[in-house]
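In what comes next, chain A is part of two complexes: it sits with chain B in the first one and with chain C in the second one.
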Partner chain A sequence: MIYSLIGYYSLVIGLIIGLSLFYFSYKNFNNSDILDIKILSFTFLQLFFVVISFLSLIFSFVISDFSNETVFNNSHTTKPLFYKISGTWGNHEGSLLLWLLVLTLFIFLFLIRTKNQPVKYKILTLVFQQIIIVGFFLFLIKTSNPFNYIFPIPTEGLGLNPILQDPALAIHPPVLYLGYVGSSIIFSSVLAATSLKIISTSWASHIKNWILISWIFLTMGILLGSIWAYYELGWGGFWFWDPVENVSLMPWLALTTLLHCILVLEKKSILTSWVIILSITTFTLSMCGTFLVRSGILNSVHTFANDPERGLFILVFLFILIFLSILIFFFFHKDNDTKSYSFFWFSKETSILINNWFMMYFLSVVLIGTVYPIFLDVISSQKISVGPPFYHKLIIPFLIPFLLMMAIGPKLKWIKSQLEDKIYLISFLIISILLAFLVLKNFNQNILINTILISSALYLFFMTLRDFFSKTYKNISQNIAHFGFSLLILSILFNNLFASEIITNLKVGETFENSKTKIVFESVDQKKEKNYNAIIANFSISNSNGEEDRFSPELRIYNQPVIATSEADIKTTLMSDKFIVINLVQNQDFFNVRYQVKPFMLWIWLSVILISFGGIVSFLQKKS
Partner chain B sequence: MKNKILSFSVIIIFGIIFFIFYKGLEDSKIYIPDVNTKKEIPVFNTKEFFSGENVKSSSIFELDKFYLLNIWSSWCVPCRQEHPFLMNLNLENKLNIIGMNYKDNLKNAENFLKELGNPYKEIFIDLDGTIAIEWGAYGVPESFLIYNNEIIKKYIGPINQELVDEINLLIK
Partner chain C sequence: MKFLKFFLIVIILFTLSSVNAEENDKRNKITKNLRCLICQGQSVYDSDSEFANSLKIVVDKKLQEGLSEDQIYEYFKSKYGEWILYDPGLNKNTYILWLLPILIFLIGGAIIYKSFIVKK
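Here is the complex of A and B:
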């Protein structure tokens, strides 16, 4: 009760501070020798009040204060403390408060960390960021107040959706948001820099760190979400091309492209239009993701509330930001044609540019796949769903040249390259093709496209691997990231090609046997936990080599709200995952059993960690 | 000049995107999967009886609850007969009675409810009788027992004590 009041009024104060910051910025902008200390302290105060508000919401969750509507809707006294806390952002209102927290945190850090940049630029960045912040304050207070009061006070809450009760998912939103919302600072600073026409190499190296931070968090956030989907949803996959996954992938694609462009800009002062447009695109796509997910225009596990008013607010706000940035871009940005740079066709920039276009292609495929059903529904009220085949068909063929470019591109010198060591370039290519061919031949999987795909991934793999031992080659962060990417593609390919699956219905005591696997359904136990009851099925599974594993997948029936979930039992080893999940067959004694062997599963996670580690290395390198 | 045309067209494109998203927001996107069992309740949009606001079938029927959809009309004499039984059934907390007001005059219908009481949790209007056709109703009165969006049982003609007992047994 008292926490709700504190939380709510902190939000109101934060909003007022945001508005007053416009005034201070205006005054400071016109006579801008040094940054007004008031601006700094008010920005800090704003962050402080948002933190207070956020903490009060956490406290309300911890003490199960059901006079708060958000707590009532999303918590329950029997929830473990960990999930009471993570429930804070496991809902629409709380997650928006998290947005606001990250927005205010980033602008504060930006102001204190930015040195050697014009004061006007800092002020203008603050103004653009405050436009976003004030917008979100209004959104929160007007349509999604996390501190709504209910009377009479219920004695018990409705509980948190059980599929959200998972450690990976508890930290997934904060990590993802640091990346998602962190891109706001790139957006604001790009608009500021464009307006002041100060886009230069020094600006590029200053903003690069912010891009890296967002990129690292976004990558890790997507990874956590993916791990959660693998363990919790029980479908045995890690990426489903679900609209919600897509809306996190799209900013990632834009941000990755931006990262490459900013590297060129930092060195050569070219590709400025790319940088501006990609910065705007990244943040707009993040916002667009929030819109698509929260407005209820798409339906998914992330749809917390289908409130058209909320959707409308974000939509209008999103397009105000888009129009604002378009105006600034066309008004202030003049492509310096005078200094037009003649690209040599065989240079590093060209290869980055080509890769940019590939990335834009992937981005458009994902974008079209995600929003086209909405468009079609509005225009012709036809409902279609775009599934994995669409994405696979459109993306996979283009991965081949993309991977090859990734392997060769970094080897090209900045402007002109002489292919000095053509020999190893070609010999690696031959080795990769031979190896891919042999592997596939061995497993009777000889399909042309797979051979080519695996060869190109292997090629990138060998090329980057070699560079770790090369003395002349120094870009270690890039090398780690590209190596990680080759590993990711290889793991995904092998995972898809060599996965095996058994689906069968079994009663307790029955045995399933084929030439390779024997599944014995031994017994069923019951378990009572604080927030759920579980049926545990015990299996013993042996393969043709006589190795035996014991599995105990669960069916959980959560009490608040009453939802049944399947908990897969997964045995992870370095080379493969064994994954078993059971489901009840309606009104029968049978259990539906799905047993999968998935090679290289662990490597998918590891390679993504490696990719973001590349980013971390790059970030730390700049610091020293 | 070139720049102006470009900026103008970009703005137009985004304007169109905005419009489409805006239209997309208007109807709720809770996709109801097409299940090919005949028993699935039909989907419809209509107006609420008292407020005249638009309602959707999906907002009326929730999963995990029992509903009795009762088709009635003020001009139908057997409806008067069955009405006290509906009032009785309404005492049973587990059952939500939903009224479908069939080809009726609103004033008369309201008087009907004033006189005999209102057992309905919600009432919606089927002014031209098309929704009743969708449900496969033969006439008035008719009642459908619904659970998990599926029709469990259909009662043609007025509800009587025997049927009240049967319904009570079914929803136990």
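Here is the complex of A and C:
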């Protein structure tokens, strides 16, 4: 009770502070030698009250205060403490409070960390960020208050969806949000810089850090979600082109493009309009994503809150923000860099432009694939599904030139470049093609496009690998990230091409055998935990080399709410994952057994970590 | 003669098992492209719901009847509507879906070429 009160009034105070900050900013803006200390302290106070509000929601979850509607809907006394806490952001209201927390945290950090930039710029950034913050305060208080009462007070809660009761998923939303919502600060500062016409090389290197931070968290957040989907959703894939996954991929694509583009701006003070448009696009895509997920328009595994009123609010808010940014862009932004607009065709600038070109294409594929079915449904009430085949057909062929450009682009010089060491560039290409051909030939998978695709990924792999040992080549962060990307593409390709799978129905005691694998279903145990009962099936699986592994996948029946889930058992090694999952066949004593061997699974995760590590290195280099 | 018989049997067994394996691959490929209509964003292949399992059996049956992949998609489309196919074919409903990204790619290339690159 008391925590709900504290939480709710903290939100109200935070909103009032937000409004008062507009007034202080206005006063300070006209008299702007130094940043008013009141602005700094009020921003801190706002953050403080949002933290208080967030903590009181967490406490309500911890003590299972069921007079709070959010807690009642998403918690249960028998849940382990860890999932009581993570349940705080495993629902609509709580996750929006987390949005607000990240919004206020980033503007506070921005104000105290930004030095050597005009005071007016800081104030304006604060104003734009406060517009977003106040919008979210209103949204939270009006349509999604996390502190609603219920009376009479229920004695027990409804429980948390069992597939959300998982360690990876507990930290996935906070990490993802730091990237996703973190892009708001890029949006605000780009609008401020545009209004003040101060976009320059020094501004570019200042904003680059913020882009890097968002980018690193967004990458890691997507990775965590993907790992979770791999072992928890229980069917062995890691990316499903599910609309909600796409919604997080789109800002990532825009942010990655922006990261490359800001390099040009930092060095040459050109492409300013493009940087502005990309920054606005990134945050707009984040907001669009929130709108699509929250409004329940999308059919996906993530939809846990469907309410048209919320959707409408975000939609209106989104249009206001877009309108505002377009207005600022057209009124204040004057393109004054036409003088140096022409690039030599063979230069670093051109290669980055080509990167931008392809990234925008990938973005448009994902965007159109995600929203087109919605539009078609509205316009002609025809329902179509857009799934993995669509994305694969449109993206994979374009990856080939993209990978080749990624290998060569970073070697080029600014302004004008010649290809050096032609011999080794070409010999690496030949080696890659030969290697790809040999690999595929032995596995009877000789499809032309696979050979070309693997060759180009191998080419990038070798080129970046060589650069680690090259003395003349300095850009270590970029090299790590590109190397990671080549590793990612290679692991995904090999993972797809060489995965093997057995699907069969077995009773306890039965054995399945084919030329390569022998699966023995040995026994079944039962287990009782606080929040679920489980059936544990014991398997012994041996392959033709005589190696034997023991697996115990589970079927869990969670008690609150009553939902059955399959827990896969996975044996991870450096070279491959062995993945087994069982399901009950309805009304029979058979179990449906699905056993998969997935090569290089671990490398998919490692290469994404490597990619974000490249970002971290770049971030740390900037500091020194 | 005995040898020939044995040889024949081996060949038949071999082809049968490889046909089976091929059929399995084909079944997997087809079910991956079908949406499980009662699930939230899962394919028939991934799902273990009753609906998905019965659809898997239907696919097997149709394969045994000798229908081609496309014919099977056609069959499901006529029965459940286009919603069930993950790979939307190119038709008047989907021209924009398939062609707009390509168009964006071409326009993007043209813009870059026209406005930035010196032609010498």
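Going forward, the second predicted complex is superposed on the first by the 621 of 624 C-alpha atoms of A that agree within 3 Å, B and C clash if a C-alpha of one lies under 4 Å from a C-alpha of the other, contacts with A are read in each partner's own complex, and residues count from 1 in each chain.
Just so we're on the same page, contacts are C-beta pairs under 8 Å (C-beta built on N, C-alpha and C of every residue); 3 or more make two chains touch, one makes a residue touch a chain.
Source: prediction; values computed, not measured.
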Partner chain(s) touched by A:L465 [first = chain B, second = chain C, both, neither]: neither
Partner chain in contact with A:I171 - chain B first, chain C second, else both or neither: neither
In the superposition, chain B vs chain C on chain A residues touched: C
Contacts of A:F330 with chain B and chain C, given as first, second, both or neither: first
Contacts of A:K383 with chain B and chain C, given as first, second, both or neither: both
Which of chain B and chain C A:I492 touches, first, second, both or neither: neither
Which of chain B and chain C A:W357 touches, first, second, both or neither: second
Contacts of A:F319 with chain B and chain C, given as first, second, both or neither: first
Touched partner set for A:I16, first chain B, second chain C, both or neither: neither
Footprint overlap on chain A, comparing chain B with chain C: 299, 383
Interface residues, chain A side, partner chain C - complex: 235, 237, 240, 242-243, 299-301, 303, 341-345, 349-350, 353-354, 357, 360-361, 364-365, 368-369, 372, 376, 380, 382-390, 394, 398, 501, 566, 583, 585-586, 592
Residue ranges of chain C touching chain A (in the complex, touch as defined): 28, 32-33, 35, 40-43, 45-48, 50, 53, 81-88, 93-94, 96-98, 100-102, 104-105, 108-109, 112, 115-118, 120
Residues of chain A defined as touching chain B within the complex: 291, 295-299, 306, 308, 311-312, 315, 319, 322-323, 326-327, 329-330, 374-375, 377-379, 383
Contact set on chain B toward chain A in their complex: 3-4, 6-7, 10-11, 14, 18, 20-26, 28-31
